[in-house]
């Protein structure tokens, strides 16, 4: 039944111990690098695809996209591979190469854990025209309905975030109201049974728009299609935005 | 990542997203060492301590890996560095304080390769916490683990005297308790929103 | 019922129905000699006494028939004039056969008693202690601890207060009550001896409120210059337990495992005191004691002078019992033990015989439930233990833990916890089993 | 005889139901049958591969560094699996989350390496790993199926009931995971009781 | 792409070598500095023991027994739970002999089942000998005798004790490992552990004698002393009970033959307890407890 | 005739019993719950009656089955499961589908009690385990409220009540907010008088605080309930909410509202006091009550949900073994210094 215990072996030398460990370590390292390099292109492609899909999702009408990040002067320049996602702005262009809008990352505490989402900002309409949840641990069947509930998603067909006259702040910061009580374009109709998650989404959007839109809006020109055809560029080379 | 307050990170890791009861991490020691309150407390202490060590280590490693652009080594270096650091600490404790070693040290080797520890390292990296946040996260996770373990130990000690039916005794009972505890912890959901 | 924290009493405890009315007002009567008396040689804690008579030997009432074997042992005296039929085993209350002297009273045996060397009131403490041992006095309150052994002040300590236990908190029993009413002078004489022997400066007689006549009677006859006071206490069980009584009277708490002497007190039962006062001046030994015979099954309830060694069946037959007699308790119903059979003799520690019929039994149809942690037992336990937890541990045979962490050894088996338990858990029995198991484990 | 190395892991020494090892991933990713199956297969792969390598290297590695070496080997295979799953399906990777990486610390794998592979030849070790891995997968599937059927009213994403079916949300929550596993354990101990 | 692979490989290899070298260094240090000076054979032997932790070997548990085995102060045969093959295995591992196993079993010093012994009182309460013993001895007529409430049966981890139809425990000599749990469990101290070949056995503990005894139990020892007369030297009367001196040759049945009650028995390995010829029929003594 | 051979019965001392019986205690609790139950039925009508009957029946049947399963004699007689059933029913929303009520009853008694060994062994309050399970399993149905005193409440039933097993509850177009939810999410306070008499939406048993207090007082007077637990809860809830209200009146409700809204009254008086899951010592009970109170305030004030009584009691159940460990009666005569470990 049980295998007999092996008899105690003699003391191994330090050398044999080191040899075993380092030897195995070397082989392992090589194996990992090999697999990593072999899978990298596929993974990166998949990630970029996912991001692009998300961007297109929140920016209806966009056909191509390009990622930007602010430089030290606050100017938006095409993003490099290692840019941090908090500052990144994805610009979406339609088939004619015109700027449709910008997609921005935002995150905040939800009912259970941090919710991360991507929202599309239509520059001309000064409205949020789409929201996509990237990451959440909200309760299935309750909180996670914010991703799927058509009624709730309808809030984001055109959620007003127009800037105040001075351009420094938002005229009507976003607010969440009880289900069915939406009266103004800057209000979000809450979701029954998921008040907390709806409130959280509202507050994530409010905080993010208040903080970022004035600055971005001031530099809209940076996102206009430049010399190259934007559709050609591989957006989001960093590949970090979508999945952890 | 938004600027989460340290207190909020702590509470989140400790109560709302308790490592054991919400993330299912570290179940082996949770189920194995929650029979006696005394060992539970000591195990909790040991895990908290290793979590702190792991948090600091993995924070450092992540910086190095980013610098040499080798994210694929993350997992293997986390586990190796955490394991060796803990071993170093264990040797140090054994040398300097035999009493502490007897109460904490004997658990250390058991938990270096444990989900909760590695999970902590991975989560804090994924969440992109800065150093202070990482520490708060580790402290919260450790406190939460200890809390769960201690509550569980109290319940199991109490149930030891109860006429629990035979097929239930043991792991199944512990799981039911964990489930009810987990339901009870749902009351903390949304704290600090 | 609501007087949970009675003033001048101890904390916790219970209030069982008293059931003393049937016997408290009846004067003490005398029981005839049984055809065969059985005098166990082990009516006290220490080692059994050593017989000093042979089989077939004739003895006179009051004559010593056994001598003490060691300090914790006492002498025995013939309860009647008669012939030693045999020296052998006899069943005891605890469910063991004990060595005993079988004595056949002679026809025409009388109440006369032989006298020995009297012990004068001005004797030295040592002499008094010795005289008490030779008189065969053990605590008549029930524990059977040799009284003389208590009197030695502890090494380096002293005793400032002598407490006379006239509480009689057990339901049904009125022995001490009657003794206080009828043997007042003996009590005061006994007190003089005890004060002299212990060097205590004063004595307090503690009496519960339900015996106002006894307290008044004692107060009336209180000799001048005798430093004795009589304190009336609220009724509560187990106030008669010496630790409780000392707290109630002096506000001092005997530490766990400690003796009353550690708080400079000494507690003696009132009947013991009376017995000392009655015996010592004449150099006699104990040949009889007052026993309450009562209970629904008894026809002629009352207090009786019963010769030591009278078998239960003779005693019950003499007072008359109902046909469906089904249970007999020696001592009160709270702490007394059930008699295993009617061969069992009355001993010096038997303060009462309570007999029940099938119908009237108070605990027959009880169903045991699991402990629901109601906490009643905690509020009842005068020792501030956690009987609930102790009971659970006992059910799981975690005996060592009971002793180490939950003070099992402080439990004196008063039964207050089991009395209140709504789940009818036999807590005291479990504790006894645990203690026995621990004793056994320690011995091996 | 060799077949037994394989079968024992499925039933008699089932890692979850009998040995109660590797509970963390078992509970964490068993909220749908698909996740459970994927996790089980990933673990199966790591188990077989690491068992094989450990068996191969068992004479080369001195006892004192055994565990350290094993961890290295296991971590390598896990990294491999991690990247492979990412390459196959990002979505699946997202659903399994950190628990892929956490296979490294699954007590089951190190346990088999220690208890079996380091003492047995490569053939037996592979069989053992495969049996244990399949047993693990089976158990995970049992959990995942129950949780998905009650919790979402579907199996592998296919709706099983009428549209008005009320899902039992708790089954997808941590407490539901604990309860389901407890129920399986009780069931299993009743099954095994007669021949025990 | 290729360059990537090469630099990546180099970085990985460098990093991992560094790491593993660190790990190796640590482990070597640990091994050097903190070696545990315990004989590894103890663990191995401990592994091979049955882990019943019954204490029948005389050690507090299996691990201490393993230590004693390795130290050579005990022999593998001392473990009565292990099968012969397992003992062989341990012996072979340690390179010692298995040793002489004196099979020992628990023996009950009472034969007073409900058919021959009477009740003194009717015990009402928890069905446990320990509990009953606390209530006036438990109600059996004979104060020394078995209460029949099966504490011993419950205490036995090896299911070697079974209550017979007369509420007397019967020990299965094959299953009994002599662990002594029944000895501890019995509140009347009726069990003793004896070598299997002690076949002459006094199945009574009563200190009563003569008719007093017979009133309680038909098969108790009346202290008549015939056994001591018939087997001088081997059996002596001490107080009211015969005592067998097992240091003497004791494989003869003569002592039992004239016993009038059969209190002294011959435990035949095949047929069980045998009474002497003088006690062929159970006698009906003056019974206690019959209503008068 | 008394012969020496008469066979007596022997049993252990004490030979007297106080007359307290588990059955009596449980019966009195049921009695104390009757006013609340009757009021709940009056307020919510037929649907409440059906919910309560279903809850009771499912609990009783499960207990019976559990006893049969483990070969124990039926323990229905001790009355404890009737309390469980009744209390469980009282914690449910009036329009809950009956099939969900039955599921909860089975879960509560089987998983909350029988698995641990039956009466006296359950570390958690079975009624609340049942409710917590339902709350997590069917959160929407468990937070759909119907108003009291609806028209024709004795003549008609909401469609949700009779939803076929395993299918969704159809919420009848109306779903009122409970006072707590209204206060938390809408910033509206209900009148204290309404709360105390029960003219508000909510679970069946949380309607009338006054009747609950009446039942509690009856039990306290009969020594069948530990008054320290509700007192601990009320003190802490009132104190803490008064403080919060004083500091930030706009975001925190006043103490009167806190005490009489939600399940606090029922929970504090009847559920936290379940002796099985609460500490045994007096001081322990006070602490336990204070802990529940504190948790209720924390969850209500800062948590994600409007109500936390159930969670607070369950959490305190889990802590109670520790309270019993830390707070032991100090054995007679022991001096303070040498407390035991």
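In this document, chain identifiers A, B, C, D, E and F correspond to the written order of the chains, with residue numbering beginning at 1 in each.
Note that in this section a contact is a pair of C-beta atoms (placed from the backbone, for glycine too) under 8 Å apart; a residue touches a chain by one contact, two chains touch by 3 or more.
Since the model is a prediction, treat every value here as computed from it, not as a measurement.
K.L.:
Give the chains in contact with both chain B and chain C, ordered by label.
P.N.:
E, F
K.L.:
Show which chains lie in contact with chain E and also with chain F.
P.N.:
A, B, C, D
K.L.:
Please indicate which chain is farthest from chain C, where distance is taken between mean Cα coordinates of the chains.
P.N.:
A
K.L.:
What is the distance, in whole Å, between the centres of chain D and chain E, each centre taken as the mean of its C-alpha atoms?
P.N.:
44
K.L.:
Counting in whole Å, what is the centre-to-centre distance of chain A and chain B, each centre being its mean C-alpha position?
P.N.:
Centre-to-centre distance between chain A and chain B: 29 Å.
K.L.:
What is the distance, in whole Å, between the centres of chain A and chain C, each centre taken as the mean of its C-alpha atoms?
P.N.:
86
K.L.:
Can you give the whole-Å distance between the Cα centres of chain C and chain E?
P.N.:
A distance of 41 Å separates the two centres.
K.L.:
If a residue has to touch 2 or more other chains to count, which residues of chain D qualify?
P.N.:
Correct list: 64-65, 68, 72, 75-76, 79, 83, 169-170, 173, 175-176, 179.
K.L.:
Chain F: which residues touch two or more other chains?
P.N.:
1, 3, 5-12, 111, 117-118, 120-121, 133, 136, 139, 304-305
K.L.:
Out of chain B, which residues touch more than one other chain, so two or more?
P.N.:
Where chain B meets two or more other chains at a single residue, that happens at 22, 72-73, 76, 80, 83, 126, 163, 168, 173, 176, 180, 183, 186, 189-190, 192-193.
K.L.:
For each chain, which other chains does it touch, given as pairs?
P.N.:
Touching chain pairs, listed by label, are A-B, A-D, A-E, A-F, B-C, B-D, B-E, B-F, C-E, C-F, D-E, D-F, E-F.
K.L.:
What part of chain A is in contact with chain F in the complex they form?
P.N.:
Residues 111, 139, 141-142, 178, 192-193, 195-196.
K.L.:
Where on chain C is chain E touching in the complex?
P.N.:
88-89, 91, 93-97, 337-341, 426, 429-430, 432-433, 436-437, 440-441, 444
K.L.:
Could you please specify the touching residues of chain E with respect to chain F in the complex?
P.N.:
119-125, 131, 134-136, 139, 288-292
K.L.:
Quick one: which bits of chain A touch chain B in the complex? Just the residue numbers, please.
P.N.:
Touching chain B from chain A are residues 28-29, 32-33, 35-36, 86, 107-114, 137, 196, 199-200, 207, 244.
K.L.:
Please name which positions on chain F make contact with chain A in the complex.
P.N.:
So the residues of chain F in touch with chain A come to 139-140, 143, 175, 185-186, 304-305.
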